[in-house]
Amino acid sequence: MTNSWTDIKNTDLVVVMGGNAAEAHPCGFKWVTEAKAHRGAKLIVVDPRFTRTASVSDYYAPIRPGSDIVFLMALINWMIQNDKVQWEYVKAFTNAPFIVKEGFGWNDGLFTGYDPEKRDYDRSSWDYVLGEDGYAEVDPTLEHPRCVWNLLKEHVSRYTPELVEQVCGTPKDRFLKVAEMIGECSAPDKTMTSMYALGWTQHSKGSQNIRGMAMLQLILGNIGVRGGGMNALRGHSNIQGLTDIGLMSNLIPGYLNIPTEKEPDWQTYMSSRSFKPLRPGQTSYWQNYPKFMVSFMKAMWGDAATAENDWAYHYLPKLDVPTYDILRMFELMDAGKVNIYFCQGFNPLLAFPNRGKLTSALSKLKLLVVMDPLATETAHFWENHGEHNDVDTASIQTEVLELPSSCFAEDDGALVNSGRWLQWHWAAATPPGQAKHDTWIMAQIFLRVKKLYEDEGGVFPDPILNLTWDYADPDEPSPEELAKELNGRALEDVRDTADPAKVLTARGKQLLNFSQYRDDGTTMGACWIYAGCWNEEGNNMARRDNNDPDETGAYPNWAFAWPLNRRILYNRASADVQGRPWDPSRKLLEWDGQKWTGYDVPDIAPASRPEEVGPFIMNPEGVSRLFTRGMMRDGPFPTHMEPFESPIANVFNPEMRGNPVARVFASDAEQFATSDEFPFVATSYRLTEHFHYWTKHNRINAALQPEFFVEISRELAAEKGIQPGASVRVWSKRGEVRAKALVTGRLKPMQCGDKLVHVIGIPLHWGFMGAARKGWGPNSLTPFVGDANVETPEFKAFLVNIEPATGEAVS
Amino acid sequence: MSRRVFSARGDHIESRRPVTVSRYRGITRLNHWVTAASLIVLLVSGLALFHPSLYFLTGLFGGGQVTRWLHPFVGVLLFFSFLLLFLQMWRLNLPRPEDRTWVSQIGDVVRGEEEKLPELGKYNAGQKFVFWAMSVLIVVLIVSGVMIWQEYFPDLVTIPVRRWAVLVHALAAIAIILTFILHVYAAIWTRGTLRAMTRGTVTGGWAWRHHRKWLRELAGRGESGPAK
Amino acid sequence: MTTDANLDSPRTAVSNPPVQPMQANLGPGDVVRASAMPDLPPPTRELTPVAKLIDVSKCIGCKACQSACAEWNDTSPEIEHNVGLYENPHDLTPDMFTLMRFSEYENPQTGDFEWLIRKDGCMHCADPGCLKACPAPGAIVQYSNGIVDFIHENCIGCGYCVTGCPFNIPRVSKTDHKSYKCTLCSDRVAVGQGPACAKACPTQAIVFGTKEDMLAHAEARVEDLKSRGYDNAGIYDPEGVGGTHVFYVLHHADQPSLYSNLPEEPRISPVVQGWKGVTKTLGLAAIGAAAVGSVLHGLLARANKVSAEDEVHAEKLVEGSESPTTPEKGVV
Amino acid sequence: MNIDLSRRGFLKLAGAGVAATSLGAMGFGGAEAAEQARVRAFKLASMTETRNTCPYCSVACGIIIYSNGDLKAGEEARVVHIEGDADHPTNRGTLCPKGAALKDFVNAETRLTTPRIRRPGSATFEEISWEEALDKIARALKDDRDANMVLTNDDGVTVNRWTSTGFLAASATTNETAWLTYKTVRAMGIVGFDNQARV
């Protein structure tokens, strides 16, 4: 989220598209009802289903799963056609005036540079024209035919209300009403917020869905302002934190990157990262990359990381592929190339696509280690549960260790919410039986491996032997010690760069914030964006002052928000070019002639003059991007792509299947179906009564939603002879499930051109463990393909068939 | 021998001097008293739940929960017990022409001037009234009672029907209590009656006075000893 | 941890529950009506009426109220089957005091689809049918703040409350044979807390406070709904049961039955009124009169006795000196 | 540790616009001892309060755990009730149906209480000691790493990556657990590293 949950109360219009906030985030959705009740805000829901969010909306429009880009680009087109643009914002705060290279273009659904063999684009033409001074050329009048604005205008001109009706199945009048309501928010004193979640991410072009809305929000001037923003409602309590800390194949804490093979040394690695400004006077904050990186290396390896050995750069693995993400790992596992796999509080057997493949892959492991508070399906994947997990137990040679871990009620520590708040919590209970804290388990594993290397030697033991482990109790590092490492500490006195005589933080003390990070090895800090969370003022994550001056919704003294306790990202953009708030009644920051003041920590150097320094300081341009250059694999603008399994051919290019650059493994490609055999569109989702696969272990939640079901329209039920509450069989090319049929008027067939599209809704909360009735997850059916940029699986649009179930057994 | 018209099987002259007449067999008496006891339990427990001022009566059964549990079971017992009585008695309780006369001369009945009344078989019209009233009310009570029997039949009928059932049950219960009072009072007021249900016999004079046709039929059969 | 008794937080319906021992503040002195106790002593004081307002238009049907209710009351609703509906459990049960009911409605005026979700549960009627019907003294009480509570120690499990309730709320347990329903969290209210459901409700579709405050809030909500085109928005606080201490804001107040058959004009059924009113009085009177009448008749009137003469006649008859056949005319 | 609570309540019930209907207004001001408590005994009396955060979605609602026993005092503690924290700016004491039933998660029948192992081909789990389980893991890791660590690629570039062992991190563990996990996994050179954010 660029903004916070509590900030939503400041909005005038909430657009819930690609999510179902009322259902998945009820207590966050509270702030929508607040905005409605107190500001008279309106709520629009665009969703294939009439959801619980839709039930309290002011306006609802249906949409075919996987067609969001058409809807979003058509909205942008409508805004441009109807002059619903926040012109001052667009001109000053976006890259609309930037001139793009001649080679760039779009044809037949593809951008220039496509190589079907490699399934990849040559992105060299997707860039600005650079002047001799190294700066990008711009045309502030937006008249240059190659400026981003004119290219965008042309790009979206294809997306008409008629196309929306044809591709999305949204009636034209519904689309136009939505466009009108959104268009009002182009006024500087009106804001709209976008609340989205996995309804947009779980597509093979998920990143582009989000880009689409982000562009719309920029055009309306809604980024950086109170009540605006792009608000990704993250699904789990700490996936924000785990991502911040970089628990992903290619990440280093604070959104730094694990190097690739093409970066064999430190200099090469650094050269492509500390971006130079693309416009004069801009901040380009990533110029500080070396400080963050060196401090991280010092946090990892302490004295073993020195300037002489390039901060132990060789200790870091170098990637040969973009990521070893989950999908790739299971692909490798299924090919017999993975021997040991750990699942820490994670239940992949139900969480990833194509369960048949997952079971097959897990069966090829030598050792599976599951650490979890609960008995998960993954830990029991080898156990035969009849139709619900029909495996040949004896033939599975995987050894499985199931380790009992503690849960939230039993440990201290911080979780990071969707609004980037780091909130500390305290243990209230004793773990049951022999259950242990995850920190203890991880420490034990590490210390034992280290001991083996000490005793026996082995392959490249250095990064293990030299890992910093200076904890009071090495067997169980305390949360306090770990949190302090995340914040960072002075290894030598940290001095003011302007006045070296002045010691800012003395040796051994906690760093104040990341402005004190150094690239000379005198500071250590694991996660620069968290710096400030536990400085010499104490544990700021545990702050509990709920004062909110002028009730802006900022709560600046409640816990700690990264970065620098900033509550709204890009908040400099809440004021115009001169630094006056766009909407004085919703002031966030203003330029007082000397510095930025207001309710939030400025997202800009406090003394940066407004006319000189752009608000988007992380970008070398200093402004936001309507055109993303070569930063996304599938295009600098979003272009319509059908799901890999779709009942309709791509309207721009009937030959194109799915996302043309998404990674597809050969065996998975064979399992993509067509609508001849599988005529119905399925989409998967959460229900409010459950949290993923956890709450089915809880008696009360199991009672509130006891059994697996699928939702179908009355029309489809009539067509297939399905009675409400009867059992149905749903199958895809990859597997099948049996479920109860919930026949409802909340799903209606959609007329897309000459095709009537039926949507089947498949909620995801059942498995074969726990208190609820045994069932299946949608992942028995879903295709094994992810988003082209981040590999999030396509769970939201795929093809199935359905029929009344004959008998109970499913083979 | 000739067909019994006014008497039941087992009715016979028990002794001749003085004359005693066997009116109810042991099994019938037992049946009657089971029925009577059930009815008393039912009316006490029912009244306890009917009116707050009588709720204390639940104490007799060990509290409200037990009373609530017991009442319907005793109701079922009563129903079947009475059913047996019914099967034994219904024939002699069918109306006869002399009943009309008896009813029309009810004043003579109350005054005890029985010599003015026609000769009767085993039951007079008043007794028959009690019999049929009991029969009808017990059916009404068991049917409405099952409808409101929360423990086993909570969903047998809809709540509106249940509301009617509970009203009908109450009204029928009042009626059956009134009938019961009539029955008991008549048995006491008409001296010499009670022994029919205790010892099983009545005196010849009692039979002569109240149920002469019955006595005549038994006498005409010449049965003077114990039944063979 | 603060466990200070002098909490500076306003002790509102939405503050955190206390952990310091506190005296429950709802007692016999606050009871204004009790089942089968016509001669209840008058209450020692008068509490301000409270109410729970359920704003159906803000409700997202998330069932947090159900969850919080079961958790707070330590009930354990059964894990049933899905029968093609969102309602789970499928009905109120002795272990589920409140239930979200879902109805789908195609609005003929706007052409829009609407999903109307209503939290069902005890309405805490000012004139409670359950209390009227209950035969067990003190099993159902009404406090002066309006809460109608079942006192389970006194409950006998007869189910008359089910018969009496105009909203079909009480459920009698198969296990302990006691009747259960929403208590409005009387145990929480007794220490100055709002009900668990109101505390949990994410969108504050459920709010709790004095009835006066709640009515004012409800009226503001109705205004908001009217401004959004719900011309028939209104408050459901039915007069037929004297008003309720749980009441609704409805977008279609003109058609309460749209909301899973919310009664249009609820009142205690006349049949129940008849049963608990005139029948009870007249019935007992008739029984009393009959009993007294018999006794008086027995005392005052001559008993019907068998004479010695009758015995002689009988003997003669048995001896055969009198004709065994009935004479034509039965007069001797 | 700044565990002290700000007992500042939100005077205005968030948005409901219901100005605090206070205890006093409801007649609960001067609580007199009732002669005979008729309502259910208040079950939180004398419990220990602990501030925590709901572990489900990322709204991160503030919760208060009421437990029987005080961990800080070195006692065993058992959760008896969990309720929304009314002082928390985001959820203001409210909870969704999952959060409101958190106690059932902590006390679920399917909570794991002892390390278990499933041997190859076996149809059951059997209990195993922590010592044995951890040693087994360490041994397996060392052996697999030594056998499969890729030190250089085909071009002779040092790559030091280990792809035959993978690690899936959680989605609800603390930052501190995450950091310790990160250190361990990265130091060994594991690249098959991912977390729930992927889906």
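Chains here go by letter, A, B, C and D, matching the order in which they are written, and residues are numbered from 1 within each.
The rule is short, and it goes like this: a contact is a pair of C-beta atoms (placed from the backbone, for glycine too) under 8 Å apart; a residue touches a chain by one contact, two chains touch by 3 or more.
Being a predicted model, the structure only gives us computed values, none of them experimental.
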Touching both subunit A and subunit B (chains): C
Central chain of the complex, centres being mean CA coordinates: D
Whole-Å gap separating subunit B and subunit D, where each centre is the average of the chain's CA atoms: 73
Inter-centroid spacing, subunit D versus subunit C (mean Cα positions, whole Å): 41
Subunit A-subunit D separation of Cα centroids, rounded to whole Å: 21
Interchain centroid distance [CA atoms averaged], subunit A/subunit C, Å: 50
In subunit C, residues with contacts to at least two other chains: 62-64, 66-67, 70-71, 202, 204
Where subunit D touches two or more other chains at once, by residue number: 3-5, 8, 10, 14-17, 48, 50, 82, 84, 87, 91-92, 94-101, 104
In subunit A, residues with contacts to at least two other chains: 26-27, 30, 33, 37, 688-689, 699-701, 704, 771
Chains that touch, pairwise: A-C, A-D, B-C, C-D
Touching residues on subunit C, where the partner in the complex is subunit A: 57-64, 66-67, 70-71, 76-86, 88-89, 96, 104, 106, 112-117, 202-205, 221, 224, 227-228
List of subunit A residues in touch with subunit C within their complex: 22-23, 26-27, 29-30, 33, 36-37, 40, 50, 52-56, 58, 60, 688-689, 699-709, 723-726, 740-746, 748, 771-773
Residue numbers on subunit C that touch subunit D, as the complex places them: 1-3, 7-29, 31, 45-48, 50, 62-64, 66-68, 70-72, 74, 141, 145, 149, 151, 183, 186-192, 196, 199-202, 204, 207-210, 213-214, 217, 220
Residues of subunit D that touch subunit C when the two form their complex: 3-5, 7-11, 13-28, 31-50, 64, 66, 81-87, 91-101, 103-104
Residue ranges of subunit C in contact with subunit B within the complex: 36-38, 133, 135-137, 139, 154-160, 162-163, 165, 168, 172, 174, 177, 269, 271-272, 274-275, 279-280, 283-284, 286-287, 290-291, 294, 297-298, 301-315, 317-320, 323-326, 330-332
